[in-house]
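Both complexes shown next keep subunit A, but they swap its partner, so subunit B is in the first and subunit C is in the second.
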Partner chain A sequence: MKKLNIGKDFDPDPSGRYYTDGDASGEAFREDFLKGMLQALASGEKLQIILDDGVEGYGSSFLVEGFAGMVKYGYMTKDELLSKLDIVCADEDFEFYKKKIVEYIEKAVFNSEKYIPTK
Partner chain B sequence: MKKQSRKQWERDVREGIIFRKRGRAKLRDKSSGTKDISWRATNRWIDSHANSRLNVDIDKRRRITLSLPERMNFFTEYESTVLHISAIRKLASKRRLPRRAYKLGLVNFDQLKSISTSAALVLTAELSKWDDSLRQKLRPMVNNWDRRILQQFVDLGFFDLFHNCVVERPCDEEYGSTSLNLVRYIKGRCGDSDKARVLKRQLIEVVGDKINKWTFLHGGLTEAITNVSHHAYPDHKGYSARDKNWYLTGSFDEASKDLKIVFYDQGIGIPRSLPASAIWERALDILSKFPIAERKRDEVLLRAAVEIDRTSTGKSDRGKGLQDLLEFIRQRKNGYLSILSMNGLFKFSMNDGEESIKTEHFENPICGTLIIWNAKLQN
Partner chain C sequence: MSDVVNVDEGGVVPFYCRDSVLYGCNRAELESSRDIVAAINSQGDSFAEALESLSMTISALPDSSGEITALQVLTGVFVAFVGALSAYLFNYFHWVMVSKKQRVSRAGKALSELIEELETLSVEYWLGEYSSERKNAIHAIEISIKSKLRLIQRHIILVVPELKSRKAASRKHKLEEFGYEIYDIVTGDEFESKGRRSSKKKAVSISMKCADMRAAISALEYCV
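The block that comes next holds the complex of A and B.
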C-alpha cells in the first residue's frame, strides 16, 4: 500500500485553502501530492493517509479544499475517492478530522466547479 | 509653425475649460475633500468624547496626550477600553495633516492599574500600527508606570516594538507577583500559520504541562489566520500588504487556572465582510429568522456567520470556518469562546457539556475582530 504522511511528506503545518494562503494549502496538497498519488494507484490499490505524524491540527479550509476538491473539480467521484483512501491516525483526537474528511467528501458535488489555479 | 484649424481650436478650448475645472476641483478638495472630512470627523469625535469618558489633554499645537484609564478589559470596562483604543486608531492613522487636525503626541500609561490579556494585546497591536506609520520612532517612558503593569507588558513582549530599547522586568520580590502569566505576543501576516506552534511552546512553559485537546485550538487558530487572508483586509478598502497583520498571545492565571488565548486582526470586521463573501446567500437564510430591524445589527450578523457550517447546504463548501473556532471549547466541555467584531459580541459557552450562546450590541465598535478562547485547565 502506498503511503502519504502529511506531516513528513507534505508539511508539518498544513493550513489555508488556496496557494495564495501559503505553501501548505489545501490546493497545494491536492494538486501537488494527492491527485498524482491517487492517479498512480493500481486497480484496487489504496493510498494510506497518515494524519497525525508531526501535525498539530487542521482547519476545515485545508481539509475541504484538499480532499473534497478532488470530487468538486471532477477528478474522481466520491465513491471512487473514498474507496481509494485509507485514513489513519494514532492520536484519538485526530479521529475528528478523519470524520470531517469523509463528511466533506460525501457532501461534495461531483464536477460542480471548474478548477482555476490560484497561482 | 502651422495654422490651427477651427476643429483643433474648438478642441483646445474644450480641453482648457476641462483643465480649469479640474484645477478648481483640486483646490476645493484641499479644503473639503475626503481627507479633509476625515480629519474633521476625527476632531469632532475627540471633542465629543473628551468631556465624558475619554482622558485627553490637548496642547496649543493640537497634540493630544491620551491617558489610559485605571482599568482596561472588554468584560466590565468595554466602552471605556474601546474608546481609548479607538482614539489611538483614529489619531494615529493619518500621516500628513493640516495644523487644525488633532495629532497623537503621547499615550500615557501612568494611571493604568489593571489590564486584561485581550486588552493588552489589542493596545499593543494599535501602538504597533502607530509605530509602523511613524517608521518606528516611538519611545516608551515607563518611569511612572505601575510596576505590575510593567511586568505584564515586559512579559507580553510589548517593548520589542521599540528599537534599541531595553526595559527590565521589575522583580517579583519587590513588588509582589501577579498570578497572571502572559506569553510573548506574536505578530503574523497572512499564511504564517506555523506561528501557532510558537504559542503552544510558550504556553506549555507557563502552564507546566501539555494542554489537553490542543489540536482543536490549533485548527481554530489556522482557520482564523486563513480568514484574515480571505476576508479581513479587502484590497478595495485600500489596505496595503504592510497593514495585513494579526496578533496572537495567551496567558495562564495560576490562581484561577484560566487559560486564555487571544487572536486579533485590525481588519474590517466579520459583519462588514459577510455581505461580500460567498456565504452571504446562506447567511440570508439564517438572518430571515430574525426580525427585519435586527438583521443589520453586528451581533446578529456575527451569529449568522458562526452558525453557517461548511456542509450545511451542499451548494458551496466555502465559509468562514468559524465553527472550527468553537471546537476547542466543545471538546473540553467547559469554557467559552468570545468573538468581538465591530459593535457585536458573540459568546459561546460550555458548562459541563451544556452549550449556551449570548450576543450583545455595544455602543462603540472594536476596530477589527478579537477572538478569545478561555478554558479552565483543572478540568
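The block that comes next holds the complex of A and C.
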C-alpha cells in the first residue's frame, strides 16, 4: 500500500483553495500529489492518506478542492475514489476531517466542471 | 344483691339472706328481686357467649412457636436489608445524576465560551477582505479559527454522549449538526484565499448560528 503523509510529504500547514493562495493549497495537493499517486496505483491497490502527522487542522476550502475536486473535474468517480483511499489518523480529533472528506467526495458531482489551472 | 339466696326455686319464698341474717320480704320486693335475677342471668349468658367466641377466635390464630418465628425473623431481616439497599441505591443514583449534570454544565459552559470566541473571530474575518498588508494578522486569525473549531468539535464529542434522554435527543442532534455546519460556513468558500472578498451575509449567518447554539447549550443541563 502506498502512503501519502500530508504533513511530511506535502506541507505541515495545508491551507487555501487555489494555487494563487499558496503552495500548500488544495489545488496544489490534488494536482501535484493526489492525482498522480492515485493514477499510479495498481488495480485493487489503495493509497493510505495520513491526516494528522504534523498537521494542526484543515479548512473545508482545502479539503473540498483537494479531494472532492478529483470527482468534480472528472478524474474519477466518487465510488472509484473512495475505494482507492484509506484515510487514517491517530488523533481522534482528526476523525472529524476524515468524515468531512468522505462527505465532500460523496456530495461532489462527477465531471461537473472543466478544470482551469489557476497558476 | 349478690348475696340473695333463692331458697326454693319452684315456689314463692318471701325470705332472703344477707350477712348471715334471714330477712323477710313482701310480694312487690319479691317480684322486683326476680326481675333483677333474670336480668343478671341474661347478662351472664351474653358474657359467656362473648367469652366463648373470643376463645374460639384465639384458638383459630396460628401457633407462633418454632420454625414460624424463625421465618418471621428472616423476613424482618430481609425487609430491613431491602430497605437499606433501596436507600443506598437511591442515594447513589441521585449523586450520579448530580455529578452528570455538573459535568454537562461545565462542558456546556466551556463550549459556549468557545463558540462566542469563534463568532467574534469569524465575524471579524468575514467582514474584512484579504489584504497583503495585513497578511500576517489575517493568517493569525485563520490559525485561531481552525484551532477554535477543533476545540469546539472536541467539546461536542465530550457533551454528546451525556445526552441520552429522549428530551435531549433533539439538542444532541442540533449540537452535532452545528459542529459540521459552522465548520463549512466559517472555513468554506474563499477561506485562506488571497482572493477573499468580505461577506456580510456569511458574517450574519455565522453570528445567527452561534447565538442559536449558545442558547441551546444554556439549557443542556436541564435535559440530562
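Just so it is clear, the second predicted complex is superposed on the first by the 119 of 119 C-alpha atoms of A that agree within 3 Å, B and C clash if a C-alpha of one lies under 4 Å from a C-alpha of the other, contacts with A are read in each partner's own complex, and residues count from 1 in each chain.
Quick note on the criterion: a contact is a pair of C-beta atoms (placed from the backbone, for glycine too) under 8 Å apart; a residue touches a chain by one contact, two chains touch by 3 or more.
These numbers were taken from a predicted model, which means no experiment stands behind them.
Novice: I'd like to know which partner A:S60 touches here: subunit B for first, subunit C for second, both or neither.
Specialist: both
Novice: Would you sort A:V109 into first (subunit B), second (subunit C), both or neither based on which partner it touches?
Specialist: first
Novice: Touch check for A:K72: first (subunit B), second (subunit C), both, or neither?
Specialist: first
Novice: What's your read, subunit B or subunit C touching more residues of subunit A?
Specialist: Counting residues of subunit A touched by each partner, the higher count goes to B.
Novice: Thinking of the overlay built on chain A, is A:E31 touched by subunit B (first), by subunit C (second), by both, or by neither?
Specialist: Neither partner.
Novice: Both subunit B and subunit C touch subunit A; at which residues?
Specialist: Correct list for subunit A: 15-17, 20-22, 56-62, 64, 93, 96, 103.
Novice: Going by the contact rule at the top, pick out the subunit B residues touching subunit A in the complex.
Specialist: 190-194, 196-197, 200, 213-220, 222-223, 225-226, 229-230, 310-311, 314, 317, 319, 321, 323-324, 327, 331
Novice: Along subunit C, where are the residues that touch subunit A in the complex?
Specialist: Residues of subunit C touching subunit A: 142-143, 146-147, 149-150, 153-154, 157, 179-180, 183-184, 187-195.
Novice: Where on subunit A does subunit C make contact in their complex?
Specialist: Where subunit A meets subunit C, its residues are 15-18, 20-22, 56-62, 64, 92-93, 96, 100, 103.
Novice: Using the touch definition up top, name the residues of subunit A that touch subunit B in the complex.
Specialist: Interface residues on subunit A, with respect to subunit B: 12-13, 15-17, 20-24, 56-62, 64-65, 68, 72, 91, 93-94, 96-97, 103-104, 107-109.
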